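You will see two complexes here that share chain A, one where it goes with chain B and one where it goes with chain C.
Right after this comes the complex of A and B.
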């Protein structure tokens, strides 16, 4: 029994959850008042948009690419949500659909010309940011009422952010890990040639994954303005790094289609909690990103240790 | 005709053609007014991009997945440390330069250790180390408003016959690095590793030493850029490295270096750096708003990469 628990495979699977639980326990120890409905709600409310952006990044990482523009993209959709969507819903929905379409087109372009995704998405981050500045030159706008209503839900017993992130994680898990086409999509990251020989279109797979990333990017932007109720072009700049770190913290591999949606959600939660933890410890915000980098390195070091056992 | 054919096969030719096209478009729009000044300014700014571009090129040439994302934060840290150490005094110039290079070397060692000991993919390794470096820079350089030593400011902005002195120094350096890339064991090892790491190792190439030197080189060049940039712009700021994330990678790719590794091209970086600066200048002269400028910059970069950096679709 004990041997099963300490097998590298199991250790690897529980590592993300374990880091999260340890961090949460540390927070409760330092600040017992956080251990309440209100405290949890406050601490975790911003994890919903971060978790959605992390899932978006995960789709891209699944097909062995990397999106360095997701933060700017979330900023753009937030700006569209706080202006067009609120003023003329039809136009807003069309604009958001166009954003998802643009992502699918990017996937097609990257596949068609065999381009490095890092460079293309870095370039596109300028386009998204520019678009956001054009739509909303100065911070402002108002989120549509229904978005605010959803994000402000007061669920009984368990705070809304926990339920929301769980629902997101489980539904993505069902589609990507349990459905047959989800397996094909992950196969594109694992062995593209084999997937192609089996008769699946790689072009379609890339477009589907990029479109999915775009869709979750849109959701992230909308949920973000539901919390802030106003938008700004730079509102989500940090999300790019958060999202990559979240996927990796959650047990995702950089290449090979080895990802975990639920792990990614836990990774995003862990990163978000780091901020609260440092605040409770009265550590200067200067060190916040540094601590996040440190946690990332620590978890990766543990994983390297487990891997050494494995092989 | 044969000359044309050999020329069109050079991977760096596109960046230079793009540079000339954009400069010509700007010159026609302004009626040729100030076109020479634009070149001078472009040489100054392009030098900074090219310095980090050279480091990034060596990293990218070592194979797919190798990218240094810690360049912007290294620039910020090196600039902040150098300015604080020198405190505006000419006499401390050598100490400041040494401190700056020391920062670079430390970052390079950190990056390499993360990649080697913890087996973290280079992109994630340099990303997480950039978090740490940036935090250090923020904590160390809080409220930093120190002017660079006059000598450094003079050196970085000096001109001879309309040519920035810094660009002349860089030209010599670039030539040297080109020799290193093509004619030394280290340079050939970088390319061999980029083509096939396993084969390179079996052929007896010192893979790990080469990778270490490459990441150290990139970080040291980023630190040098931070040092000079702080002198050039009258002091260090924490976000002065930001634009060099896209800049350093874009000039390498536009300049004809293969992202798949094993194929590097140094002259292309020079053309591509000029291209990037002239592009922004052109959009400025056309009177575009900030938003339009950003959108156009992004679209043109993606377009150029699609044309110049793309390969045939996977078969």
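Right after this comes the complex of A and C.
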């Protein structure tokens, strides 16, 4: 039994959750008042948009690509949400749909011309940012009332951010990990030639994954303005790296289609909590990013150790 | 004849080129219902290309493909699949990040909707149990965690599973290459049973015993052509080897007369791969056998052992490596020809801490003259050269360096005949000057340039012979296993 628990495969699966629990315990130890409905809500409210952006990144990583534009894209959708969507809902919905369509088109282009996704998305990040500045030159706008209402939901007993992230994680898990087409999509990351030989369209698979990433990017932007109630073109610049780090922290790998939606959510939560933890430790915000990086390196080093045991 | 002897697939005059290489040069073949067709041939004979054409993963440049009686235009993997043609490829085509059952799902579009997971598990488990009793694989196992042999088992079982389209032809390319004797036998017995039940099967194997024992008809390929085709009963092992080989060959008297080095000159390389390999100074040592049987690995071991004091492998003197896979291991794509030649000798060209461009150009021009690289300007990009001349540039890189031992990893792949002869001459001259060559080659004619030849099989040396003892039959019979 003990042998089974300490097998590398099990350890690897447990690691994301274990780092999250340890971090949470450390926070409660340093700041016992965080252990309340209000405290948890405050501490975790920003995890919803980060979790959504992480899921978007995870879809791209599943098919062996990397999206360096997700932060700028979330910024753009936030700006659209705080202006167009609030002023003329129909136009706003159309604009957001066009954003999702643009992502699908990017996936098609990357597959069709066999381009490196890093280069394409890095270029697109400036396009998204430019678009956001055009729509909202100075910080401002107002989030639509219904978005604020959803994000401000007061759920009984368990705070809203926990329920929301759980729902996101489980639903993505069902679609990507359990459904039959989701299996094909993950297969594209594992061995694209085999999937192609079996008669599936790789073009379609890439487009579906990029469109899904675009859709979750839109959700991330909207949930973000639901919390801030105003928008800014640069509101989510950090999300690109948060999202990548979240996927990797959650046990995903850059190549080979090895991803885990639940893990990615836990990774996003862990990243968000490190911010709070460092604040509670009275570490100045200047050092926080560096300290976050330190925690990231620690967890990844642990994983590398486990992997070495495996090999 | 009668309905039982219907053709499943017929090829007529099918040809396929890769650049200058004619992989298939007009092949006529038909596969009948209830027939197991054995396909043998040396490396590069065109077996795998033929199989890829049948599986729809490669398109023929010309020729006709018929399924039943109907000629098919725009044949593809999907069309092949819809007609019940399956293929187990040599390199594994499973997704390592998915479970066995999930890989079955990738194979079958029909496995979807509610409860697909359970159906996929039942399907693959039943087939595994049927072909490989006692396989020890669970449908929930992650493929990446399985051993190579088990992955091959899964892949084969997967190819034999059926959902909506009935199975008509299964192509097995080296199916037993990573299986042990017991599972190989299980598979071949199963294939025999299915063929007797009406399935057609193409069995490609380097284990001649398997083909002789289990095929109804044997096809021998060589240089993109079918050179022999007959009932399996009429073939013997000797006749197969003879049909695969090149009977006519020019004995190179020069080479034989020239040297009796073994035993006289000092030993410069000593390595071990199942049996000992030694190379003496000024010797040309050939590494023979089928592709991928450990020759490249040994060359790399020797390369890495240079200068270190490891006990197993001893190397005296500086070493240079001539890559066979030019595009990935050889040329620097964005550099000039001169820079590509000079990169192994940079230390000699450094003036005050930077590379002297004049010295580099001088070296480039010198070697252009010496080995006749056909270009107006050694300063132009390496990719402007033809394949053969790129290979010459790689030889120049090794020969221009201070290396005394030169390792060659099947460097003549895809090089035209004229260039080959020029390079052979250069190698002989350099050997006469005291340089030692370790030469891995898949072409038996080339081995006649070597003084001593080691034959590899399954990662180990299984035979060695001097130039005088060398015959193609000997190499072939050592390369192919006796039985399964």
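Criterion: the second predicted complex is superposed on the first by the 311 of 311 C-alpha atoms of A that agree within 3 Å, B and C clash if a C-alpha of one lies under 4 Å from a C-alpha of the other, contacts with A are read in each partner's own complex, and residues count from 1 in each chain.
Criterion: contacts are C-beta pairs under 8 Å (C-beta built on N, C-alpha and C of every residue); 3 or more make two chains touch, one makes a residue touch a chain.
Bear in mind that the values here come from a model prediction, so they are computed numbers and not experimental data.
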Query raised in the report: Touching A:33 in the superposition: chain B (first), chain C (second), both, neither?
Result: neither
Report task. Have a look at where A:181 lands relative to chain B and chain C in the superposition and call it first, second, both or neither. Result -> second
Report task. Go through the superposed model and pick first if A:198 touches only chain B, second if only chain C, both, or neither. Result -> second
**Report entry** Which superposed partner A:256 touches (first chain B, second chain C, both, neither)
**Finding:** second
Report task. Figure out whether A:282 sits in contact with chain B (first) or chain C (second), or with both, or with neither. Result -> neither
Report task. Going by the touch definition up top, name the partner, chain B or chain C, that contacts more of chain A. Result -> B
Requested in this report: Please indicate which partner A:190 is in contact with in the superposed arrangement: first for chain B, second for chain C, both, or neither.
Outcome: second
Query raised in the report: Residue overlap on chain A between the chain B contact set and the chain C contact set?
Result: 196
Query - Partner chain C, residues of chain A touching it in the complex - result: 9, 178, 180-181, 183-184, 186-187, 189-191, 193-200, 256-258
Report summary line: chain A residues touching chain B in their complex are 66, 109, 111-116, 118-120, 122-134, 137, 192, 196, 202, 241, 244-245, 248, 254-255, 284, 286-294, 296-297, 300-301, 304, 307
Requested in this report: Would you pull the chain C residues touching chain A in the complex into a rising list?
Outcome: 55, 57, 77-78, 81, 87, 89, 93-98, 102-103, 105-107, 109, 111-113, 116-117, 145
Query raised in the report: Which residues of chain B touch chain A in their complex?
Result: 65, 67, 114, 117-121, 123-124, 127-132, 134-136, 138-139, 142, 245-246, 249-250, 253, 259, 289-299, 301-302, 305-306, 309-314
